Amino acid sequence: MSLHEQKRVAIVGGSGYAGGEFLRLALGHPHLNVTQVTSERHAGTPVSLVHPNLRGRTTLKFRKAAELDEADIIVLALPHGHAAKRIGEFEGKARVIVDLSADFRLKDPEVYQATYGEAHPTPDALGNWVYGNPELHREDLRGAARIACAGCFATSVILALYPLLKLGVLLPKDIIATGLVGSSAAGASATDGSHHPERAGSLRVYKPVGHRHTAEAQQELPGHFPLHLTAISTPRVRGILTTAHAWIPDGYSDRDVWSAYREVYSQEPFIRIVKVAKGIHRYPDPMLLDGTNYCDLGFEMDLDTGRVVLMSAIDNLVKGTAGHAIQSLNIAFDWPETAGLEFAGLHPA
Amino acid sequence: MSLHEQKRVAIVGGSGYAGGEFLRLALGHPHLNVTQVTSERHAGTPVSLVHPNLRGRTTLKFRKAAELDEADIIVLALPHGHAAKRIGEFEGKARVIVDLSADFRLKDPEVYQATYGEAHPTPDALGNWVYGNPELHREDLRGAARIACAGCFATSVILALYPLLKLGVLLPKDIIATGLVGSSAAGASATDGSHHPERAGSLRVYKPVGHRHTAEAQQELPGHFPLHLTAISTPRVRGILTTAHAWIPDGYSDRDVWSAYREVYSQEPFIRIVKVAKGIHRYPDPMLLDGTNYCDLGFEMDLDTGRVVLMSAIDNLVKGTAGHAIQSLNIAFDWPETAGLEFAGLHPA
Amino acid sequence: MSLHEQKRVAIVGGSGYAGGEFLRLALGHPHLNVTQVTSERHAGTPVSLVHPNLRGRTTLKFRKAAELDEADIIVLALPHGHAAKRIGEFEGKARVIVDLSADFRLKDPEVYQATYGEAHPTPDALGNWVYGNPELHREDLRGAARIACAGCFATSVILALYPLLKLGVLLPKDIIATGLVGSSAAGASATDGSHHPERAGSLRVYKPVGHRHTAEAQQELPGHFPLHLTAISTPRVRGILTTAHAWIPDGYSDRDVWSAYREVYSQEPFIRIVKVAKGIHRYPDPMLLDGTNYCDLGFEMDLDTGRVVLMSAIDNLVKGTAGHAIQSLNIAFDWPETAGLEFAGLHPA
Amino acid sequence: MSLHEQKRVAIVGGSGYAGGEFLRLALGHPHLNVTQVTSERHAGTPVSLVHPNLRGRTTLKFRKAAELDEADIIVLALPHGHAAKRIGEFEGKARVIVDLSADFRLKDPEVYQATYGEAHPTPDALGNWVYGNPELHREDLRGAARIACAGCFATSVILALYPLLKLGVLLPKDIIATGLVGSSAAGASATDGSHHPERAGSLRVYKPVGHRHTAEAQQELPGHFPLHLTAISTPRVRGILTTAHAWIPDGYSDRDVWSAYREVYSQEPFIRIVKVAKGIHRYPDPMLLDGTNYCDLGFEMDLDTGRVVLMSAIDNLVKGTAGHAIQSLNIAFDWPETAGLEFAGLHPA
């Protein structure tokens, strides 16, 4: 790799929040050069009209997907279901394809069908895709040509649970995880539910049971245990705070959770364990993570009952989507893993 | 009037925020009996599905406007421009009509045309309508059969300025008023601008110049002076905080403003002068007014420059729309003026 | 009871949010006449300076507790621990005492000590107090002279679970409840954690394990099962949304939950079951309840796993504190149960 | 200058928001090496406990100011009034001193006294300080050893008005500017007014007249005209949106404002003119600027009345304080002017 290597990136479906966030991060990345952004609705318009934070940062204009030229990397930021159906359009155009949707995350076509309610259009291709979670699949990501970025809620659940399940710190009992989710997770299109007067003060359970990310999380997490996800919308715009209730064996203590996290994550650049004895910032809080690629993890234990409350916080658009994708590309191309992801986050925020 | 007199009310266009708020207030009013609520889109649906605060409060269902039966009072809560065009549909159905839109507020058809960009469909009828601002038109409202409810921003401006202009406490110089407005003022329909992620953190100037309520305010306010309105949207859902910069003659002081407000408003049940020397609630704040019919007024003077900063706060949906309408009906029917408008507001809120 | 009966009320510790909310409700109550409000810090000051929503509603001034005169009802709104220590001061001053704190809720002094970390100062008196939850203790409340108002988070948990546990709809397995709580629950005093820049955007787990309301909830709920509570602060000011994960026996379905709720709550004036198939207001949402005495309940079932997600929403200061107290007094004095609690809540809000 | 030159920075008073923000920016700056941060209250504590966004970013601990060692640059982030009184402590410790307070901004000791109510402790030193506004004083900043950072509200006013006043596009009439300000502007200490339940929903006029930044703005702006400032707090944490009402001569139009801004600001890296014909992001909005050093400017004209509404948006802690300081240092040391200030801002946010 040359110090000055730059790869040409095309973002397909770049007017939404995931595509816009990838664009923001890529514009600040030393090895990425965004040369094309597509949007059917906004073709011909400067991208900075749709992503006003990028005023003065880029002169790119949206083009139609049909006008896509060659690139080194194509990033698909299409609505769920579209990437799989249209993958043929893109495969000849770039060596590396990153998909931000759910289309290529699940390995088992039957699980896909059970989860998304229709047969996968290219079931044989599923094996070619690496699940884009750097902490679990760093080795697979090196040199990868197909990266299926992990889902945001799934990421917050997986990163909290993985070390503990891997190292046997949890009992194989029901795990109940609740995600408190910001409004950006539902995308850039206005709906009745996203109308500000209906949403600004709301705490709204939008997926009490049957959340689709359950399948992803179960695919990635070791062991057999029932996993239950509930999702609640909050007045925040970005961020997910997940609390997961799990069960530790008799005789286990804080130390065991600490050491499991340390063993698995001590070298991870974007995982921080947040568990402070006093003050107001004792546990993970998505307030501190807007724009960052961190996943902050914390926990507290109830020794009387064996319950451990795991907590994880991420920015759903960064560590939950676009930052994840950048981090995966950094690994795939052997660039410094934190390249383009240096933002520390704001306080106060 | 019997103590138990009840008038039948029909609300036309009852699925929006103005109609819903009128309905909420009317359901708690001793002399109003809402018998019909129309909505083309929701006909057949219980009103409490659209206005979920009314669960358990009413079993009314929406009907189509074409099915409207007789009533004593019809309240029109239609989009601007519709009431005037369709007024013929309603005139035979009830003795009293209250319009919550801007259609019948302006007396002068030419001003209407200049303001709203089209000729008024029934210019000759404009003289029949009383401008529904109880503080200025209480006598005209007694027994009135046509009430055109004052606009929300206009109300906040008029109530702050009226006593001072009437009693000569202000110089005939430019008055600059800025309204900080909640998102409910733009209505119940989702738009790109009302999408929560775009609106939650926004401070957005949406009408720097040319606000249509200027015409209303100038019609109602005594004297000749240039009035300039600017409207900015805020992260609140309800409420308007207006600050108006005006100019006092040499030698005038706080006392003159106080006494003008007292002279004109001392008997007003919904006007409060808020000007406290210390503490955190020194001036009007819409935070305290959600759901109430109050207009809180305050001011501060800069004796060095002759500038006085007038402040007024209202709930745009109550004192700015539906509460105003109820208060006007209370006067029209000689009911206690505060009937149905007793809610004190919340603290904290 | 005379139609015009009025009882004199004294509020002790009336400058906080609980006392202020009781005052607001009592001022609108046909049978309550607030004659005294105490505050050591604000003695001599008009109550409306501290509770600015009450401007123009009352001319009461705070006095010191030492100056307390006789009343019919004393409402104690003191910090936890103070009411029990000072109860002797108040017992001769009024026949009926209502305590809004946690001091007299627990029947068992040992549980009190285990929960609050010190011996109860008047353990023998605990039996005289009725737990102020009207839905569970209506008969005990009739004529009661000592009412210990239920805690806010406890109330939201108890009301969601009680019918299902009573009627055997739940398995005796772990129940995990998460409360999303507004900032007013922490009281009226500014702290590092309540500083707006630190709190406005925060989702902060403040009590992952060991919440004190566990003891209350377990005292009141029938059956033996492990109950786990987690509390998270949200950007809202008022309101609690509780989701409780519990387990249903094989073969049970929605119908069983519905019928349990109906059997127990069908006559309850402040309980609403909210479970709508479509639209954006499908489940309980505290957004709709600010200022109201409602507890909205909902649920959703995962038949594959036997998990049921119960949801309950309240305003922590009303159904969670002061409204609860008013409702209990209405029962104690045989007044209409909804007297003073008629506010429907706002939409939008 | 070497490509790898690094200057040692000491931040005095580093536990507040201004100092914390400077620290965040400095940690990402290629030429700044923060070696010391002082806080009397937190001495001995890791800075990341107070500024939790910096977890994993620095191992610095607070020390007491008395333990201050030599540095190349000292940044004073002390409460207003302290820097001037204690300046002697710092002058021998570093060649370059940057003050973030108001202490050294005003050139005229009499204006200082009239504004801040006490005599300046070192009036003779005032002439040594450069007013830290890069757009107006770039040449003075080159090599400067004393930089008094411009105030946040003053900056938003000055940058909007300066080109128009300089080039004669405005009449010498009253200019009325309203600043909508986030809660972080009041600092990191909890107060009654910053208590979340009292602030979250508030729109609070906190300085209707007599704002101290008037003196700064008048010192920096060319020409003689009355300037009136009003400040209102909003529910945002960061950001200022200023609207200024000014007056244009007959015959002037949009073009004149455009060309004045272009003439003065076309080379400015942090000034953007935002005036878009359609869409929802037509004017400056602080929502888009959190964490960035931009000042976005816009305007709209009312040709009928000659009023122009100027709009400016900044992040009060960045372009209004710490970013300004970094930009000034970049100029002083001849580093690239955008070094350390590259963050584009988030959308959505």
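Letters are used for the chains, namely A, B, C and D, taken in the order the chains are written, and counting of residues starts over at 1 for each.
As a working rule, a contact is a pair of C-beta atoms (placed from the backbone, for glycine too) under 8 Å apart; a residue touches a chain by one contact, two chains touch by 3 or more.
This is a predicted model, so every value here is computed, not measured.
Undergrad: With contacts counted as defined, which of the two, C-D or A-C, has more C-beta pairs across the interface?
TA: Counting C-beta pairs in contact, A-C comes out ahead.
Undergrad: Based on the averaged CA atom positions, which chain is farthest from subunit D?
TA: The most distant chain relative to subunit D turns out to be C.
Undergrad: Using mean C-alpha positions as chain centres, tell me how far subunit B is from subunit C in Å, no decimals.
TA: Result: the chain centres lie 35 Å from each other.
Undergrad: Taking each chain's centre as its mean C-alpha position, how far apart are subunit A and subunit C in Å?
TA: 39
Undergrad: Centre to centre, by mean C-alpha position, how many angstrom separate subunit C and subunit D?
TA: Those two chain centres are 46 Å apart.
Undergrad: At least two partner chains per residue is the criterion; list those residues in subunit B.
TA: Residues 17, 183-184, 188, 192, 197, 201, 235, 237, 279, 285, 290, 348-349 of subunit B each touch two or more of the other chains.
Undergrad: So in the complex, which bits of subunit B are touching subunit C?
TA: Against subunit C, subunit B makes touches at 17, 20, 24, 27-28, 49, 51-57, 183-184, 188, 237-238, 272, 274, 276, 279, 281, 285, 288, 290-291, 294, 296, 342-349.
Undergrad: Taking the touch rule as given, give the residues of subunit B at its contact with subunit A in the complex, in rising order.
TA: Interface residues on the subunit B side: 17, 182-184, 188-192, 194-197, 199-201, 235, 237.
Undergrad: For the complex, which residues does subunit C have touching subunit A?
TA: Touch residues, subunit C against subunit A: 174, 176, 178, 180, 192-193, 197-198, 201-205, 208-210, 226, 228, 230, 232, 234-236, 239, 241, 243, 245, 279-280, 283-287, 290, 298-302, 305, 307, 309, 311, 313, 348-349.
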